[in-house]
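The next part holds the structures, each set out as structure tokens.
You will see chain A twice below: alongside chain B first, and alongside chain C after that.
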Partner chain A sequence: MSDFSATPAVSPPVRPGQIALRWLLFSLLGLFALFYLMPLFVMLTTSLKSLEEIRSGSLVALPREVTFDAWRTAWSEACTGIQCEGLRPYFWNSVLLAVPAVLISTFLGAANGYIIAQWNFRGANLIFSAMLFGCFIPFQVVLLPMARMLGLMGLAGTIPGLIFAHVIYGIGFTTLFFRNFYVTIPGDLVKAAKVDGAGFFRIFWSIFLPLSLPIIVVTVIWQFTQIWNDFLFGVSFSQAGTQPVTVALNNIVNSTTGVKEYNVDMAAAIIAGLPTLLVYVVAGKYFIRGLTAGSVKG
Partner chain B sequence: MRAWLERQIPKMVLAPSFVAILIFVYGFIGWTAWISLTRSKLLPKYDLHGVIQYKRLFAAPRWDTAMDNLFLFGALFICISMALGLLLAILLDQRIRVEGVLRTIYLYPMALSMIVTGTAWKWIMNPGLGIEAMVRGWGFENFTFNWVIDPDMAIYAVVIAGVWQASGFVMALFLAGLRSVDGEIIKAAQIDGIPGWRIYSAIILPSMAPIFLSAFIVLAHLAIKSFDLVVALTGGGPGYATDLPATYMYAMAFSRGDIGQAASSAMVMMGVVFAIVVPYLYSELRAKHV
Partner chain C sequence: MSPILNIQSLSKNYGAVEILKDVNVAIDPGDFLVLVGPSGCGKSTLLNCIAGLEPISGGSISIDGRDMTQVSPKDRDIAMVFQSYALYPTMTVAKNITFGMKVRGVDAATQARKLAEVARQLQIEPLLDRRPGQLSGGQRQRVAMGRALVRDPKLFLFDEPLSNLDAKLRVSMRSEIKKLHQNLGATMVYVTHDQIEAMTLATKIVVMKGGVVQQIGTPAEIYNHPANLFVADFMGSPAMNLIPARTQRAESGIQIEITRPEGAPMILQGPQVQDLPEDIILGLRPEDIIEAGMRSGANVQAAKCRIDLVEPAGADTYVVSELGGRQVTARLHAETKAQPGAMLDLAFDLAKVSFFAPDTGERLN
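So, the complex of A and B:
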């Protein structure tokens, strides 16, 4: 599905008319590339300008004088409300939240997928359908009871509370990923291992997990992107001090105190987007595989 | 006895996840459904009062705006993203040497949070300092582009940002689809002298029907859940001009203290999602079991 390597459909140009078409094709592709790159370019150049230059210059002009003041302010001084500590504490909140939530939900998905795909018992498919269904609900429908539940559990407004919510509503997708990967492994493998005396856990640890590296990478990237970029849970289940970076970014941009510092807003936006962007650049292939698998089959 | 225990292990390992899903998905939907039938305000009350919340909801002008916006935004967002994604996929499918680079450029917005996207576009479309000021600086003194602060146009600003974010993803879906079409058929058509555009319109695109459906489902799902983008780009404003059901629900739940309204609007949202997703899921699951 995510394999782009097959031979292209249409033959290369030979006639002069087709060379003109070729030029048209490249200019179109170039124009679209500009459209997609423009916001990133504008964010970056704006973040490197001083406020005077922003007011006097053009949106797309390169900075005359490059200054990193806005980045420093965004990272450690910008106000997210009454506190003015920049994005830094919230960035770490997001790290503290995303890492355990990704690991736990991925591990649970692996175990669930292994069971549903390889230890078929009566009702397993029904359970799988029930989990799959959970992937599609708009989270608004569980927002109120979840807020109350976290309160009852003593986790309201805490990072563990957010981790809990992300794990619960991530299980559906992670299970789906692993289940779809493990059904392609022949059932004879489990049978043979059982004959050799291996049990449920032994087969999982020594046979299935070592085979799973590609799907683990896909799942981790998918979950990390989802959780890092989440805003709805972050804004609903956190309080001042435990907010993830997306919520803090929104607060910085919409904070009404003082002069509007567009360069700081842009630096903050880039900082908030950097981790997932980095993951995308480094492991784009797996990112696309997750997107297509998560959407086409889910 | 030991053998029996051995057989129970898989069920025991799966059980916690299953119970969690039962409670936190199905139980919670039930709770929200119940609350949507009560007169709950700041705190939940459990005695039923029929469909009073739904009556209030459908009588509320703000909800009306939110639903209108959802259909307008959804229709434009889905159609433009699909058209643009398909166009990009076909253009990229013409033996482009730098295809990998272009693909990366078209798709990277999908890795960003909608809050980041909204923040960026809010700045770009800023009337005083963004595109409007830039074009005026070029000498077009009367140029106006103030969609983000114009109540009639703000929803289109949300469409622009949404399309920017999601169209690359549709491109990736379609490109994978184009590449999975049987090369032999295409070669045969080329030998027969059938022109390229006919090969696309008569052979390749019809065979991609399932991908059109997937793209539609994903985009519709994104549109209905759109919350972050509106919050970051317009904050639902000016006034309530760009409210969507998701922002309405959030406002009722967390700033108005009207959880009866919040619950009923969430139930309507779920109804809209299921009207689109359930037939699709059903056919998918059936197809797999056959």
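So, the complex of A and C:
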């Protein structure tokens, strides 16, 4: 009797019709989930089979004998054209490219968003509109001018060149994210800090950035997914040795002579996709929270 | 004594919209200046101009004799409390209070000493490690005060600091602010739309409307000699009775004629030497209309009035009667025998009367 509050005195009556509806809903959702998980299942099982087993067995069957040979091959032996070093070097290319590009574009987005949302200056709206417009420019349109730019800057075919391209292309989105987050923060905060003696950067650093964790997570996930998964910039602005993992994956899948090693292809595809998956798993909770943060506060 | 704050023909526009027009205010060290007026009249804008948070469009502001036009907020030696409190959400209460000192490079020992001092003064010692999100409205308000007090500035600026508190807390914080002002002897500029707050706190009141200063004076001057109909109506609760009347020259002086719903108009004897137009508006506060026989004086004149409404308010009883086509409120003793619908002898104390011109609204006497 001591724990009254745990048992509500009146539980809302649930009609049988409602229960049936709920079951139907969940079955339907489960079905959709299965449908979308199917390819992943096939990829995973195929990557763990040997080539003979793939040729003899059914596509959806579980592997009779689990082997990681295909993974090893994909990581360090598969051929991408004339070289046969697997995905490993390209995977590191992608890391070296994505990490700085994500950090730089996120930081610039935060600074831009802060300025546009909290420091009313002449033309702030115009600049913001221009940046928004930048979000809607398709990759293909940027290719030629960007190639020329990178050439002029001496960055053609280098990882810094790719970082530059991704940072420029990403600023529109990151600015949008941060600007929309920062407009929900009352302007009195800036006024109070100004009276307290803090300047432009001090206010950004001490007051706005610490507030920004949810939107930083959103932006990092978004940018990382975009940049890691990018193929077009990767294939256009890199050369042998600086290609990102997506381009290498394509080369592995397309350049096999003779038998098609499906297990290696699948393993390589999973390896290439793993980091984005990992980022979602680690930060997904914050992602949802960050997306709704503005609306909950307002 | 030279003024600590001197505002001269200040104007402020947002684009083509004039928000403040020709504002002139000067206060001495130790003054408690209250800017009062209805919502949207430009009080916050004026305060932000004083703080340097908004650029001014014309005129000048000087603090302690120094022109502030080109001086940024941080160099004006001011502290400000915002209506929204504007506490830094990710910092603890202690960090909120010491942020200004930290930014200014005050050494850690001084910071700690001042923090302890202010925390004791405002009784927020147990809250120092909490974040603003974990505080109640009243506690946040105290922290916001603490952040200003710790600075020891030339000028404190308050923008409706009590308007987000519930009624009871508002009254107690009001007295605390008053005590604080008396103990510190500091100069304060305080914005409110609440005329009671203005009357209780101020040593000097500026009444504003539509970006124009209506009157500047001590609470008593504003209350007893409102400069126009707006001030008369805005300051005081219940509001001053503003009764349309006609004047007539008679041998004995000026006679004031006020219509009643039934019977002959009421005639009051006006002041001896006074040049009044024919149509006037006569202003009398409810406490200057009383039961006949309760107050004596050369200017107390009685007349029979029909009582429409009786409103006991504990200490006093307010009765309402129609005069000059207006609902006129009189403040009677709680023990009054007044009955709605009955006639009652009311006394009008014309020693405190105000006359206004109906067209311009300006005070005539």
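FYI, the second predicted complex is superposed on the first by the 255 of 298 C-alpha atoms of A that agree within 3 Å, B and C clash if a C-alpha of one lies under 4 Å from a C-alpha of the other, contacts with A are read in each partner's own complex, and residues count from 1 in each chain.
Simple rule for what comes next: a contact is a pair of C-beta atoms (placed from the backbone, for glycine too) under 8 Å apart; a residue touches a chain by one contact, two chains touch by 3 or more.
All values reported here derive from a predicted model rather than from experimental measurement.
By the touch criterion defined above, A:Gly151 lies against neither chain B nor chain C after alignment on the C-alpha atoms of chain A. Legend: residue contacts after superposition of the two complexes on their common chain; A:Leu211 is shown touching chain C, with no touch to chain B.
In the overlay built on the shared chain, the residue A:Val142 is in contact with chain B alone; chain C does not reach it. Of the two partner chains placed by the overlay, only chain B lies in contact with A:Ile171; chain C stays clear of it. In the overlay built on the shared chain, the residue A:Ala192 is in contact with chain C alone; chain B does not reach it. Judged by the touch definition given at the top, the superposed model places A:Arg202 against chain C, while chain B stays out of reach. The partner that reaches more residues of chain A, of the two candidates chain B and chain C, is B. Of the two partner chains, chain B is the only one that A:Leu108 touches; chain C does not reach it. In the superposed pair of complexes, A:Val253 makes contact with chain B only, with no contact to chain C.
Chain A residues in contact with chain B (one complex) as well as with chain C (other complex) are 199. Of all residues in chain C, only 48, 51, 53, 72-74, 78-80, 82-84, 86-91, 99-100, 103-104, 147 touch chain A in the complex they form.
Partner chain A is touched in their complex by these residues of chain B: 6, 9-11, 13-14, 17-18, 20-22, 24-29, 31-32, 35, 44, 88, 91-96, 99, 102-117, 119-124, 126, 129-131, 133-134, 137, 164, 168-169, 172-173, 175-176, 178-181, 183, 186, 190, 196, 199, 204, 211, 214, 217-218, 221, 224-225, 227-228, 231-232, 235, 245-246, 249-250, 253-254, 259, 262-263, 265-267, 269-270, 273-274, 277, 281, 284-285, 289.
Those residues of chain A lying in contact with chain C across their complex are 186, 188-189, 191-199, 202, 206-207, 210-211.
Against chain B, in their complex, chain A makes its touches with residues 1-12, 25-26, 28-29, 32-33, 35-40, 42-43, 46, 54-55, 58-60, 108, 111-112, 115-116, 119, 121, 124-125, 127, 129-134, 136-146, 148-149, 168-169, 171-172, 175, 199-201, 225, 228-232, 235-236, 246, 249-250, 253-254, 262, 265-266, 268-270, 272-273, 276-277, 279-281, 284, 287-288, 291-292, 295-297.
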